[in-house]
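Take a look at the structures listed below.
One chain, chain A, links the two complexes that follow: it is found with chain B in the first and with chain C in the second.
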Partner chain A sequence: MIRSASLRFATLFGLVFALSALALVAFLWFSTANLLDRQVEAAINADAQGLVERWSEGGVPALLLTIQERLGENVDDDAIYEVTDSLQRWVAGNLNQWPVKVETPGVFYELQVVRAGTRSLADVRRYDLPGGFHLLVGRDVRGRVELRRLLTNALFSSLLVIAALGAAGAFVIRNVFRRMVAEVSATAEAIAGGDLTPRVRRSGRGDEFDRMAESINTMLERIAKLMDGVRQVSNAIAHDLRTPITRARARLEDASLHARTEGELRAGVERAVSDLDNVTAVFHALMRIAEIEVGARRSAFAEIDLGPLLADLAELYSAVAEEHGGLSLRLEVPDTLAILGDRDLLQQAVANLLDNAIKFSPDRGHITLAAARVDRQVRLSVADQGAGIPEADRPRATERFFRGEAARSTPGSGLGLALVQAVALLHEGSLLLEDAHPGLRATLVIPAMSPVQQMNSDSSAPHPEDTATLPSDLRR
Partner chain B sequence: MSIRRALRVPVLLASFGLCGRAVADEPSSFALTTDTPAYCAQLVRQVADRHSQSLDVQRLLAEGREMCEDGQVRGGIRRLRRALVLLHHRAVRDEPPP
Partner chain C sequence: MRILLVEDDPTVAQFVVKGLREAGHVVEHSDNGRDGLFMAASEAFDTIILDRMLPGGIDGIRLLETLRSQNNATPVLLLSALAQVDERVAGLKAGGDDYLTKPFAFSELLARVEALTRRGKSDGPQTKLLVGDLEMDLLSRGVRRAGQKIDLQPREFRLLEYLMRHAGQVVTRTMLLEGVWDYHFDPQTNVIDVHVSRLRQKIDKPFPSSLIHTIRNAGYMLRPE
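Up next, the complex of A and B:
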């Protein structure tokens, strides 16, 4: 087994090239040789047919005269005739004796003949005539033999040229392959060494190699982005969890050092447990987002009617909103709005948006939960009249643990919008954050169900998984 | 090359084996009799007997005869055959329409 892929490709190319050329040469040789054979056979048949006609018109004398004339006018000097009687005695012709092997009429035989001291080949055929006469008609094929020899020589010469061309082509292919692989290999080695910045160079020709380079570079960009994300999340986890853990530790220490009664000690421990519960919730939210991003839940997609789902949520949250500074929640949703998706995740995403809206709305403010089908999309929005998100912060608002200036004074971990974004992406949609003048409008854009999908969907599909939502203080 | 021709050699070899006696008497090659001085003389007679007035025919006849006499039999025969072809074409041309 050859251990060099470029050499294998080059060898394969050379073999395919050589086989193709051999097949072509063989085809040319056989078709040309066949054509020459057929021409000779056609000439003999036509000649014999004429002679038989003369025989039927005038008998033996006419036949002999015709043979004599044809031999006399045979300028090419290639005709062979022989006529014998029933006792195999010579009657006419230019062959010194009847070849014994020419015994079956209608079959072509190859004879060696001597013409003016020179040996050559002839094709002959036997015809039996009435009265016991036998007619032999043939053609000298020395021209054909010579042509075939020249053709064979030419083809062998061309084979040498073909072999040289094949070798040159294989060499070129090997070099091109090695150059391309070397480029990819060098980039991969640099990345394996820890430097994620190198990219595969493109030739600019837009060919398969360029497309492959583009794919590899896109993959590397994605890996680099993911690595950045991992780094950011690690830093954020370290930073954001330090505070509640430190606080829990301080509460426990304080309780153990200063608690004078069992009740004070228990209260201190409970506060510490509460702080640690928040830490657990953050981890739970992170794992939930990761699970959504992996896309495993896509298999649980089913037809969902957003109308009743959003109405239920509005009913649930209108009470919460009322309690929270007398906020009012308005619902602008059609009765039915079908999409293909995960009911629990969508419910959780809308709950996160409503929680954020309630949390950041001023007292007596209005919150609007709206959904509508626009072209082939469903646009589901939650708008509040709060401080909103500054335009500069919006691109980063969906990153894990991101918290804008306005949100720092409110409880939360900065994972709520990250989860909504993950849900949107899982549904092949997006999350838009816009200014609601005043306030923020968060819009989930999800592909609507096509009529065909609606016909094929099974609305009775089960909805597995838990329906847990994030604690309200972990959002935005 | 046709299959029949490709099979010819083995078939002939087999037939040699089966009919060894008959083939044993068979010469390996056959002589043609239309390249001999006698045939040349025969052609000279054929052309001369036509008494053609054509200069081309007379020239070819003279050249053919001379070459055959000089031992250049094939060249002589070729010229005499050309003369016969000329004569044949003239005879066809001069033939009255049916």
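Up next, the complex of A and C:
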């Protein structure tokens, strides 16, 4: 029972409830007692003042007479008076003897007194009169004791009520908890059992539990999607690697069984080696993508100037483009464009995009490699005038081994865009595939270096352009 | 050339030893790090081919670091099944001169080993490169063939410079991509072939004999006919 979280919450709830009730009673007690005390003190003061006035008018006899009168009129029977002479002998009043403790005049004392044979609690004050007489004025405060007992009783009986209410509340809380937890754990158990389809049921109230159920369901959707991806990838690996391996094996076996001349044998072996090289390349690309997706390459991040990097790639590829059906490659990139990233991977990503663009361009087509800073992002795009990717295929185009209808007849592994996508995600960016009317525009959107990052990493020699962009960035 | 191979896989080792011997090199082989370190430290080699992962307590990186700490500057080519870029960087940081990922084509290995050996020899700063009737002035950045001036783009100049520095050796496409462009990935298209063919248009086409030769299944070689 102690190990039940719902019970713990319930207990806590009851405890907080009881503590607040206790605090309320304590407050009531202290404020009431304080008020009573002040009333008693005011009454004593007023009483004493009257008596002293009477004494100054008529001397001791007048004082004694007044005391007699007042005692007579005191219906509540709570007034206490005593007058003694200089030798502390009793002269008048309703106390039998002078309380020993009361020595200093003008101070309130709270003490036990014996009056008419009964003990009770009293507040008293001493006044010294000329001629050696002492006057004691006080009030019986038994009422306050009564009040305290009353409040204590009320407290105890209310504690019972509190305990009952707390227990009831705790029970309700525990039940709500149980219901929620049971729902989640039933779903979790079903999933642990291998069925990924069940989801946590929602009450529809839109409360915290609903939100939790919702986020658990979102998580499950994501896991299911990932599992699906893994299954697809392993199927694709099985297919894409099995095919060239089978081919290589067939070629080797064929060569060993049927080759009649050394030349034929050699040719067969060489073709098998090239098939196996293909396998290695696919394998290598897969490992690379996995490595990037794990995020291990973030350690290689450094400040990169995209300007010269892209110009170099354009130079490398423009010759290829020209040879390949007279394509032209246009470069629209500023001289400097700083980002924080992995040089090797960005080069490879752009090279993949350019490879694709060249592969799918019609003769005499134009390819555009552009990069620009837009707000806080760098948009790096490669556009061609080829067939593009049909709208329906675009979401899947970045999956490993996915090859569209148009791509099936061309050589390739179906891993190019998957790698670009992985590189984009590593840089906390994204890969957009859009229609370039005609053709495909693949855009890598990567966060630009913030001015602060630039100043930190680049304090030795700031580029004029960086300092120029600085104020406008700070304004945002 | 005397070459030490430290490689524990018998098949790969046998294949490499056989190939290197066929290419005319003297090869010593060790199949573990301890013996490999002993041989590398006690004998003189022109190049060491070192597997990254070795049995027997001393792996390739340890061996290399120990060797470098003894001021042994023998060129080292690291072989590894670990293709991660970080692994390559770690290998070069430990003192490796080149890095080759398994599986590899023997032609690639041979070309790289021979390039390393050459590098170890010619340290002096050169101002002029000469191959046959082709000359390159590294200071004025001028190129002439048979006395005739040839205009080259900056990248073409670097490509030719690389080929001339490795004249008489096979240079693979990957080596050119790394050495001339400083790229460490495999492009899908044959970008290097296109650039070499453009260079040929300028260097070889107008002249009766060719200097740039295509080596089948390997790469290119610059040599006088």
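Here is the rule we go by: the second predicted complex is superposed on the first by the 340 of 476 C-alpha atoms of A that agree within 3 Å, B and C clash if a C-alpha of one lies under 4 Å from a C-alpha of the other, contacts with A are read in each partner's own complex, and residues count from 1 in each chain.
By definition in this document, a residue touches a chain if its C-beta (ideal position, glycine included) is under 8 Å from a C-beta of that chain, and two chains touch if they have at least 3 such contacts.
This is a predicted model, so every value here is computed, not measured.
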First, second, both or neither for A:L327, with chain B first and chain C second: neither
Touching partner for A:A236 - first (chain B), second (chain C), both, neither: neither
First, second, both or neither for A:V75, with chain B first and chain C second: first
Contacts of A:F30 with chain B and chain C, given as first, second, both or neither: first
First, second, both or neither for A:T280, with chain B first and chain C second: second
Chain B versus chain C as contact partner of A:E291, first or second or both or neither: second
Which of chain B and chain C A:D344 touches, first, second, both or neither: second
Residues on chain A lying within both footprints (that of chain B and that of chain C): none
Residues on chain A engaged by chain C in the complex (per definition of touch): 270, 273, 276-277, 280-281, 284, 287-288, 291, 296-297, 299-300, 312, 315-317, 319-320, 323-324, 344, 347-348, 351-352, 355, 358-359, 411-412, 416
For the chain B and chain A complex, residues of the former touching the latter: 1-2, 4-5, 8, 12, 15, 22-23, 25-35, 39, 43, 46, 73-74, 77-78, 80-82, 84-85, 88
Residue ranges of chain C touching chain A (in the complex, touch as defined): 83-86, 89, 101, 103, 105, 155, 181, 183-191, 194-195, 197-198, 217
Complex contacts: residues of chain A adjacent to chain B: 30, 33-34, 37, 69, 71-75, 77, 80, 93-97, 99-101, 108-116, 119
